[in-house]
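You will see chain A twice below: alongside chain B first, and alongside chain C after that.
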Partner chain A sequence: MLKDVAQLVINGLMAGTILAVPAIGLTAIYAVLRFPNFALASHATVGAFAGWIANVVLGWSIIPSLGLAFLAAGLVGVATDEFVLRPFRAAGFATTAIGSIALTIALENLLRMIFGNDLRGYDLPITRDWRFAGLHLGPQQVENMAISLVVMAAVFAFLAFTRAGKAMRAVADNPALARIKGVDAVRVARIVSFVGMGLAGVGGMLIGLDTTIDPLTGFRVMLSVFAAAVVGGLGSIPGAVLGALTIGVGEELCLLVLTPNYRSVVGFLAILLVLILRPSGLLGQRAY
Partner chain B sequence: MSTAQFRLTRRSVLAGSAAALAAPYIARAQGVPLTLGILTPLTGAGGYDGPRMMKAIQAVAAQVNDAGGLLGRKITFVIEDDQTNPEAAVRAARKLVDVDKVPVIMGTWASAVTSAVAPVCWESKTFLTTTSGADTITKLPHQGYLIRTQPNNYLQGAKHAEFIASTGAKKVGLLSIQAPFAQPTQERVKDVLAKNGSSLTGGLIYEPNKTSYRSEVDQILRGSPDMVYLNGYTPDVSVLLRDLYRAGYDGPRFTQSYALTSKAVESLPKEVTEGTYTVQPSADIDSPAYANAAKLLGIKDPDSYETQAVDWMSLVALSIAKAKAATGTAIRDTVRSVSQGAGTKVYSAVDGLTILAKGGEVNYEGASGPCDFTDIGDIQDCKFRYLVVKNGALTFLKVV
Partner chain C sequence: MENYLVALGVTAGLYALMAIGLNVIWGMAGLVNLGLVGFFAVGAYTSALLTTKLGVAIGVGMVAGAVAGGVAGALVALITARLRGDYLAIVTLGFAESLRTTASNETWLTNGTDGISGIPGPWRSVLTPSEFNLAYLALVVVIVLIAYLLAQRLSYSPFGRVLRAIRDDEQVAAVAGKPVLAFKVLAFAIGCTALGLAGALYAHYTSFVVPDIFVPLLTLYIKMALLSGGVGNNRGAVLGGLVVVIFLEGTRFITPYIPWLGAVQAAALQQFLVTAALLVVLRFRTRGLVPEPPDHPILRRT
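Entry: the complex of A and B
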């Protein structure tokens, strides 16, 4: 029994760390622009396909491919925010959120037109799990987890030490004060769209490394990503990480009492509990 | 020498013009075309099968038309795209029924679409032919206005279990996607395995759209199965196959051919799919009807969907000819008297029509199978085609 629990926790941590990367993107965009950008789903897919082109078509190795996934999804994110979502923002929170859903469907179908519906896999050898003390652990998952941790560290360094990162935090904490201090809100919006969607792209490719990709890759994880961000406190970046780990481990541990077809219930239940007991999320809404 | 001269007079010009203008009406009176409905997925998830089924239906009709048509009339079609979407399908079906007034609609593919379109059909006394497999479809109160040429899940579950037992597997683990067919298939597989000296040591239903099924795989492997049956769709089955490999499972796996397509095999690492069996309902490849269909369609190996479409059009043509009426009710009342029974066995619509014209009885044996229907519109038997992944490619195993 104890072994089962340990195995489930391991599986959950693996899933959670990958989930954390796009969740950080979602929450960062929310912190600055104040709307949940559901277009994150299709940007994750854009990243997954960009990485696939780099890895399979151009023959790059995984790390530079992840770089391209970040860049491609980030650039598409800036473009879509500039031309699609920014005009929506004047009409308010709900309109922009709904606009982002429309945008994600459009982008997803664009990818489908270009790449078709077929599944694609990265050029990556598959390995058997490591086994120790009756538990098993996948080398690829450990690598993905390590990549996620490095990406998270980079995001925190960016927020803590760079001018752009500080400007982002300033706008997130107090937009009026930031404006008085001369922070250019439009520029910050572009930076956060680039970084946020870039992270979604990396997340999309990390998911693809472990599975296969198709135009619905991002859409499939969107609910879990959203749940992670809400549970951690929408707008709080450390919260997104904690939320992702909570959702990841929670979805696995629920298998001790529930049959697997109810796994997603954990995400919904977590959102519900948090909204009732602690509406601002586990770590509140302070960005950093 | 005298020559007959043609003189162009005002009177002859008038007479000629009048005749030219009247010609289409005269022709139409000789045979108003017989309009039938095709409603099939030209786009959406069924977009691969729909267009091919449409062509197969048209090919049979063209052959019937060349042989003199049906009730002295040429067959024409109104074609609508159901978009693999129930909502769009119902709108299109309403148009076919209310505007085009077709007696029959052929070609729905997805179970959700057929379930939505069927009431429109039976309420308007329009006959419906489909490939959808969900057990619930033929249990609808369709009053006989529906037949399907695809085996239902109950029949499929039994055949799959028989095959699995025949490989010598004694302990079987079954992972099913959350779908209407999951529970009924699990129960059926369990029963039939038990009858064949094998047993289901673990069965679970998993959620779609997950990026990892490691814990589900762990749960199934606890029963130490020597065969794992993955009853899902491509995105989740490809994740499951990877997770099974990672978890150290080396035994054979079994899945539906739509879940492990040749494209999916290409996209997955070789060692992950090696030795996996796939199954699909098969056309009756040894039947003369299959050879006829292949020749008619100009394809070497028509698949199950194309042959089912050939059979629909053939059965509809024979029913209309025998009933001497082109209405949905006439087709409903006649179809079983041309699809089964003691009549002369025929393997194509045209051959059947010749016998019917002479007052004989026919029993149509289809390209997809014998086409013998139960009272609720299910086929009674069907062949299944098994493939196995060898050296990273799907290779033919057998048709049973």
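Entry: the complex of A and C
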């Protein structure tokens, strides 16, 4: 029993680290643009398919394929934000949120028109699980976790050290003050759309590496990603990491009493629990 | 052909009923609900289960479906009413998705993804199928009419005025001594009652419910009905239901003319066109075909 729990916690931490990547993207977009962007789901799928083309069709290895996933999802993110979502923002967050759901279903169906509904897998070397003390670890999962950690470190460095990152934090913290100091809000919005949706794309591919991908890949994990962001405090990037780990471990531990199909319901229950007990999330709403 | 048109009429009526419900939540009170389909599902499953498993009368099942929709709406609103609107958006969407997952997995109750079949329809045993269709259309039209009149009454009552005040400026309404929270929860519950009733009507019309029906796309259809008709306007809601059905059926006729599309592609293209149309409507016609009237329809303010 104790060993089962330990195994589940390990699995949960690994799943949570991967989940943190799109959750950071979501919470960063929220911090700057102030609306829950449901289009994240389809952008994760866009990234997963871009990475699949690079990996399976072009024969690239995993790391450059992830790079393409980031780039493709980021560019689609900037384009759709510019032409679809930006005009809605003046009409308020509700209209924008509805628009983002319509956008996510539109993109998902565009992918379905091109790729169909078939399940697709990445070209991965077949490896044996590592075993120690009765616990086992998949080398691919460990690699995914390491990649996620590197991506997260890059995001934190971007926010801490680059001009664009500082501008993003300034707008998230106080849009009026940022404008007075000459920060171009439109440019910051484009950067955050690119980085945020790019992270969603990487997340989509990392999740796909573990299983298979299809046009609903992003939509299936959307509730978990939102749960991670809300649990950590919508708009807080360290919060998104902490939230993702919490949701990852929580979803795995619930396997003790529930079937795996209920994974996303666990995320929803976590959202409800946090909203009832601590609405601002574990770490509050400071962006960084 | 007649059966097809009558079936479209029933669908349009159900959309209109849901759009009227959404209008109370969104048009009057300004609250977001991205999980409309969840409350629709609550109504459909409640009535379907009560009538098939417990043998309850159809009328009682429908009322129970409507009440269950309203209660679910009140609970969701209670949890999120104190928070900013973006949380309501996330929670309502999550509610609908979680409900669909639960309905797919609790096989002992809902028969899982196979769905519940053989749901009784009113007078089905004594009527021919086409007579049943017509009778059901009449029933739906009467219910939409009643819902419209009630919503119209609500809209011009003091209750409706307070809702609009909350929508336009919550703080002003609160300063004027209105219990904002209670009004919001009540508005949400009233709207969700209409959604639950629409779900129950749907279940008894098709005699079959599966979790696959209750996808987020249906939520978007209803949003589109209200948006194209005119947010904040009950006549617009009814008109919008009709517009959406005509549009949806129209896209169905386009796809066969594109020869290289397979079945999956054709369905995907249809969904893409629908969502693209919603985005266009949302972008350019946010006031809709029938804009919200500035004031009382009879007692005009000059």
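In this text, the second predicted complex is superposed on the first by the 278 of 288 C-alpha atoms of A that agree within 3 Å, B and C clash if a C-alpha of one lies under 4 Å from a C-alpha of the other, contacts with A are read in each partner's own complex, and residues count from 1 in each chain.
Heads up, the rule we're going with is that a contact is a pair of C-beta atoms (placed from the backbone, for glycine too) under 8 Å apart; a residue touches a chain by one contact, two chains touch by 3 or more.
Every value quoted in this text rests on a predicted model; they were computed, and no experiment measured them.
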| item | value |
| --- | --- |
| Clash or fit, chain B versus chain C on superposed chain A | clash |
| Contacts of A:Asp214 with chain B and chain C, given as first, second, both or neither | first |
| Which of chain B and chain C A:His136 touches, first, second, both or neither | first |
| Which superposed partner A:Phe93 touches (first chain B, second chain C, both, neither) | second |
| Partner chain(s) touched by A:Gly281 [first = chain B, second = chain C, both, neither] | neither |
| Partner chain(s) touched by A:Arg120 [first = chain B, second = chain C, both, neither] | first |
| Touched partner set for A:Pro36, first chain B, second chain C, both or neither | second |
| First (chain B), second (chain C), both or neither touched by A:Ile105 | second |
| Partner chain in contact with A:Gly198 - chain B first, chain C second, else both or neither | neither |
| Which superposed partner A:Ala15 touches (first chain B, second chain C, both, neither) | first |
| Shared chain A surface residues [contacts with chain B and with chain C] | 259, 261-262, 264 |
| Chain B residues within the chain A interface of the complex | 178, 204-207, 209-212, 214-216, 218-219, 234-235, 238-239, 242, 245-248, 263-264, 267-269, 271-272 |
| Contact set on chain A toward chain B in their complex | 7-8, 11, 14-15, 18, 118-121, 124-129, 131, 136, 138, 207, 210-212, 214, 216, 219-221, 252, 255, 259-264 |
| For the chain A and chain C complex, residues of the former touching the latter | 30, 34-36, 38, 84, 87-88, 91, 93-95, 97-99, 101-103, 105-106, 109-110, 112-113, 116-117, 223, 226-227, 230, 234, 259, 261-262, 264-265, 267-269, 271-272, 275-276, 279 |
| In the complex, chain C residues that touch chain A | 26, 30, 32, 34, 79-80, 82-83, 85-87, 89-91, 93-95, 97-98, 101-102, 104-105, 216-217, 219-220, 223, 262, 264-265, 268-269, 271-272, 275-276, 278-279, 282-283, 286 |
